[in-house]
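Here the structure comes first, spelled out in structure tokens, and everything after it is commentary.
Each chain carries a letter (A, B, C, D and E) given by its place in the written order, and its residues are counted from 1.
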Amino acid sequence: MSALGEQAVRTGPDLAGRRRREARRRQLNVIGGRVLVAVVILGGWELGARATVIDRFFWSQPSDIAATLWRWFTEGTDLGPLWLQVLVTMEETVGGFVVGSVFGVIFGVVLGRNRLLSDVLGPYIKGANAIPRVVVGALFAVSLGLDIKAKIATAAVLVFFVVFFNAFQGVREVDRNLIANARILGADDRRLTTEIIIPSALSWIVASLHTSFGLALVGAVVGELFGATEGIGELIYLSKNLFDTAGVFAGMALLAATALVAEALITALEDRLIRWRPPVATETRI
Amino acid sequence: MTPAIELRGVTKRFLAPSGGIYTALRDLNFEVEPGEFCAVVGPTGCGKSTTLALISGLEPPSEGEVEVFGQSVGGIAEGIGYVFQSDAVFPWKTVLENVAAGPRYRGVSNRDARERARDWITRVGLAGFEDRYPYQLSGGMRKRVALAQSLINGPRILLMDEPFSALDVQTRTLMENELLNLWSATSASVVFVTHDLEEAISLSDRVFVITAGPGTVKSTYKVDLPRPRNVAEIRFQPRFVEIYEEIWKDLRDEVLVSYERQKRGAA
Amino acid sequence: GSTNAPSSGGVTTISLKVMVGGLNKQIYLPNMLAQRLGYFKDQHLDVTLIDEGSGQASEEEVVAGNVDAGSGAYVHPMVLNTQGKKIETICQFGIAPGEAEVVDASLSNITSAKDLKGKNLGVTDLGSGTHVLTQAILGSAGVDPTSAKYVAVGAGDTFIAAIQQKKIAAGMTTFPTISRLVNSGKGKILVSLLTPADTRAALGGDYPFIGVFAKNDWVNSNKDAAQRLVNAYVKTLKYMHSHTAAQIADQMPTDYYAGDKSSYVSDLQSQLAIFGTDCKMPSGGPETVQKIQQQFVSSFKGKSANLSETYTNELADKANA
Amino acid sequence: MSALGEQAVRTGPDLAGRRRREARRRQLNVIGGRVLVAVVILGGWELGARATVIDRFFWSQPSDIAATLWRWFTEGTDLGPLWLQVLVTMEETVGGFVVGSVFGVIFGVVLGRNRLLSDVLGPYIKGANAIPRVVVGALFAVSLGLDIKAKIATAAVLVFFVVFFNAFQGVREVDRNLIANARILGADDRRLTTEIIIPSALSWIVASLHTSFGLALVGAVVGELFGATEGIGELIYLSKNLFDTAGVFAGMALLAATALVAEALITALEDRLIRWRPPVATETRI
Amino acid sequence: MTPAIELRGVTKRFLAPSGGIYTALRDLNFEVEPGEFCAVVGPTGCGKSTTLALISGLEPPSEGEVEVFGQSVGGIAEGIGYVFQSDAVFPWKTVLENVAAGPRYRGVSNRDARERARDWITRVGLAGFEDRYPYQLSGGMRKRVALAQSLINGPRILLMDEPFSALDVQTRTLMENELLNLWSATSASVVFVTHDLEEAISLSDRVFVITAGPGTVKSTYKVDLPRPRNVAEIRFQPRFVEIYEEIWKDLRDEVLVSYERQKRGAA
């Protein structure tokens, strides 16, 4: 602050500096907390397994899981090199995520804007949401073939509903004052949608994207139940069939790691898109 | 000549929370000539904002007829500018984008719209704040953004709901004069809601006093002060004081009725 | 679909997709073994083996034309035949189911299939092959199959958990779940369908189980490809009967016996007998299967398949010639 | 309106009456639209199947599906009377729905309020969201036993994440002015949570409940993969294994119908809870 | 005696959108004695609301020290009432519930809280509207709910940010008198932000004039008018007019500076 060349203040300590230090300490706390949680969970699991409190046959143990991951990493998996499995699943996931969320947003916005349409189609969409994705995945495998299309479709279906319901509600939550103002200012339906409704519903949509990427991964894995030759899901099923519990957990760890990377990207996107908000810095203060 | 705005026998009812019906406006008759500047005064809660909502087409009347330039209003009417009583600037747009929104919506190219917006931002005294988001502005500044946002469209009918109430006296006087200049250049019809009788008189051709309770027009007063006016000076003219006294008596009665009634508890 | 590409030797290489209802299960072993031994390549076939979680789906994919051939139980072509979908077995590997009814070892009062009356019995899934086989062993033992309660418990650890939690008294399952239970002393084999002899004793005839099938239309219009496929499988079966379990296991991917090769080998040892040597449908087998279906599967009651459309020995005969 | 004894108005038609008639016409339009959609989909499907454009083996046909439903209804299913299957699945679903949404709301609110906790636990929750529910279902079956507990847990896991992410975001969206006001008025943390945060985040939470019930059904059906002897899911699997496509679709229709009934209840709840909103009647006008 | 409120060398900076830093308040010094009624006036955007936020503890200062009753403020300070400039009533609570919220939060039983709330609702002239939700009220009515909500807690320090700007003159006068009555009974320290100099003078013991740009105290004026006052009458006393003239000159300069600067475009 003083670098800005402003005059020194008469009294009081450097609050800005104090807050910077606080922020740094917070950061350390967070990392410490995360490590602590990991140590407690993994340590407890490992010890429990070693003390046979936890049945290793069903639950494996962290050291075995790490060893499996290491083996996959260095020697490749049975289905081929590890990166290939990750890549295949990522393609399916990203495809499903994009397709599902684009359709979810479009349907959500259109139905949110149009009362008649939402009244007419609402029950069908709500009913469809109850159809088990495993069954849907099988139908897709039959009708779309066994390549990536069916997996993308399965992932997209999982994503669609979550995004749809949020986009729909987000649209209906838009401040009526703002809509009125935009209308008066001359916004036509298209403008109203792109400039008022969507920005305003954005936090709803982005919130659903946080869940969605994980769901897209789940969908891709479910899709790999049917006719896959590679992918993380296939790796998990193979391990499961072979009673290789460590492999099952290793696969899940891979999925979790993938999701976290994607999460970081979505959060970055969110921060960019919602710049017009008061910064979260003071959030802790109130 | 068809009036610019005409309300005939308009009644507006709302559903009260108890399930009953609350009548906000009853049998309201109201005419604004083209190019006329009208002010609306009345006790709080008498239905001033509701009247503007009816004219703009944002709310439908429960009974009666609302016409703008002879056309029955059945939705958002064309060519209207509306400065809302409550904050309605777009939080996700900067000041510049907020002000440029109107022209852009009406098909002006992005560049031109921004240019005109810059001009208007300067007129309302916000130059230098173009890139701010609304949360970074003070209350008065947000109000001025809203003002520029409406005026930039050059509306034929301008509805203003206490637009200057958050401004300090000086800024307010400046803005009032600015508004009069603009208005005389465009000959728009203005309906100006205010709780400040001085402001009402110094700006307008006609003042409507609305009754308490279910609002209806109690009386109208012609303001026969010469134009162009300077609002800072006009208040000291003897004719102004005369008109003020006259309307004030009328208004005060209404306000007292309203206040007493509310104190007693009539919903 | 199959694509043809000229190969160096003048013989065109044909690409085929074969969907397998559980590649790593030992009863499906000839598929992966043929691949690993290079027998498909020898026949100028470029085969992609697609793994499939559930059995029935591979038949559906064959019918849908998404794959050229599938590997699964013989009963499916038979059921599909009654629904007007014509697919036929071109190579029958297993002439016995390779399944066994494993009973909770702590229930000493259950000593034969008769004692299963009224008990909770585990099957992988309702309506699946294990469900039908369980009903069949009860019926053959003179117990009303409807007197028992069938619980879908899947396979693997969920099956084992079901036994441990006393959720089921016994259940129909395959290796390696069988050996896991038996080796740990948690379960013992009550009725074995692991060898042809045991199967005949339990069900009164051969019960052809896993094989390779394709659409009848496809077989007729792709005679050459089908023949080469069967050639490879016949060669594989012959290999299996001329080598030890350990030698066969050496050919398989290491993940298939992750960490525990010896139990994989011993499981395989006890299963080798279910495999035929020539890809042929055992005589009388289809009739046995159909009889069991008609007796125990309510949706099959009163129906009958045109059995001659459900399998062909023609290709196998040529391959063995 | 004139029943209120108010004086008649000079001019203008009875707008209130006109709007009442409009509302009635709208209602008819909605019903007509719904029927039209049903007729087009089902009719097209039936005709397509009869013309063998659609393969009945994979897709069945509406008349067969209806016949199957009727048979289940009148003669019972292979697994027992139909109501029993519905009841079993409903128990699992409602259990999972309640458990999942209660935990989702609690975690969402607590983490939404506490920056440190959300920073520490966030990655774990986001990672866990990517774990395929089918695998989780198997783990639950192993650890919780094969009875209703495992199914409830599977359904709850599906519900949890959706509700959690929405509740979390809803809490963070609360108007900072309102929080400031409540603090100044003397609200302690508990009051702030129950009286400001939760009411304000309510539309977020309720929106997630709309998706959640469907997901709970899906979870219950996935749970029925393991250790079930009855339930709609079991009915679907049985039909699927017998190549009885009509049965599969009939089961899905049952699920959809169940979801719609639940939806109606959630909507009623929503209307009760969010009475403080401007009524939606004018929504169509702007 | 320790002052009720003390700001020493307070600077408040905000992050400007360009990434730079905008200084809203610079080196502000400010003291309010216990039981004193202070008014703060200044051009829009000069930092009046920011000052209140600092005192309440809602915002931390960038530099300098904020003390309330001798205690450094490090969060929401105790015993404070705050009438916000923008709407902050709870939309999901009825008028009654909104007003009763404060006492309930402070441990008063539900019944008593409601009883006291009813009393306050009547005092602000909203009797009969107890069951309304905020969206069913007019702008002025919402403001009065906010007022009752703060006053019911009997705060030792009362921060008011243009609380009466949405009210018509008459209601406003009534509310002003009501406020003075209340204040004299409780001897709370009041910081009253307004853009209406008349209001500032007629209510307060001291008037702070804040400079344009980065706000700081330009000058303070003692208002030595006798109490109790009737705000409707006091404006006509010669001493009032004197004080008014004096402050007005000072303030007008600031407002002009601010306006000119904004017109030129200094962010």
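Throughout what follows, a residue touches a chain if its C-beta (ideal position, glycine included) is under 8 Å from a C-beta of that chain, and two chains touch if they have at least 3 such contacts.
As the structure is a computational prediction, the values presented were derived from the model and not from experiment.
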Original post:
Can you name the chains that touch subunit A as well as subunit C?
Top reply: D
Subject >> Chain of greatest Cα-centre distance to subunit B >> reply: C
Subject >> Per Cα centroids, the chain farthest from subunit E >> reply: C
Original post:
How big is the gap, in whole Å, between where the Cα atoms of subunit C centre and where those of subunit E centre?
Top reply: 83
Original post:
Between subunit D and subunit E, what is the gap in Å from one C-alpha centre to the other?
Top reply: 47
**OP:** Could you grab the centroid distance between subunit A and subunit D? Build each centroid from C-alpha atoms only and quote it in angstrom.
**Re:** 20
Original post:
Centre to centre, by mean C-alpha position, how many angstrom separate subunit A and subunit E?
Top reply: 45
Subject >> Of all residues in subunit C, the ones touching two or more other chains >> reply: 60, 64, 157, 161
Subject >> Two or more partner chains touched - positions in subunit E >> reply: 58, 76, 86-87, 133
Original post:
Which residues does subunit A have that touch at least 2 chains other than itself?
Top reply: 58, 138, 142-143, 180, 183, 225, 240, 278, 286
Subject >> Of subunit A, residues touching subunit D in the complex >> reply: 26, 29-30, 33-34, 37, 58, 115-116, 119-121, 123-124, 126-135, 138-139, 142-143, 161-162, 165-166, 168-169, 172-173, 176, 179-180, 183, 203-204, 207-208, 210-211, 213-215, 217-218, 221-222, 225, 233, 236, 240, 248, 252, 255-260, 263, 278, 283-284, 286
Original post:
Touching subunit E in the complex: which residues of subunit B?
Top reply: 14, 16-18, 22, 41-45, 48-49, 85-87, 94, 122, 125-129, 131-133, 136-141, 144, 161-162, 165-172, 174, 195-197, 251-252, 255-256, 258-259, 262-267
Subject >> Of all residues in subunit A, those that touch subunit C in their complex >> reply: 57-58, 77-78, 138, 141-143, 145-146, 225-229, 234, 237-245, 247
Subject >> Complex contact set, residues of subunit E against subunit D >> reply: 56, 58, 76, 80-82, 84, 86-93, 101-102, 104-106, 133-135, 149-150, 153
Subject >> Residues of subunit C that touch subunit A when the two form their complex >> reply: 17, 19, 22-25, 48-54, 57, 60-61, 64, 66-67, 155-157, 160-161, 176, 180, 253-259
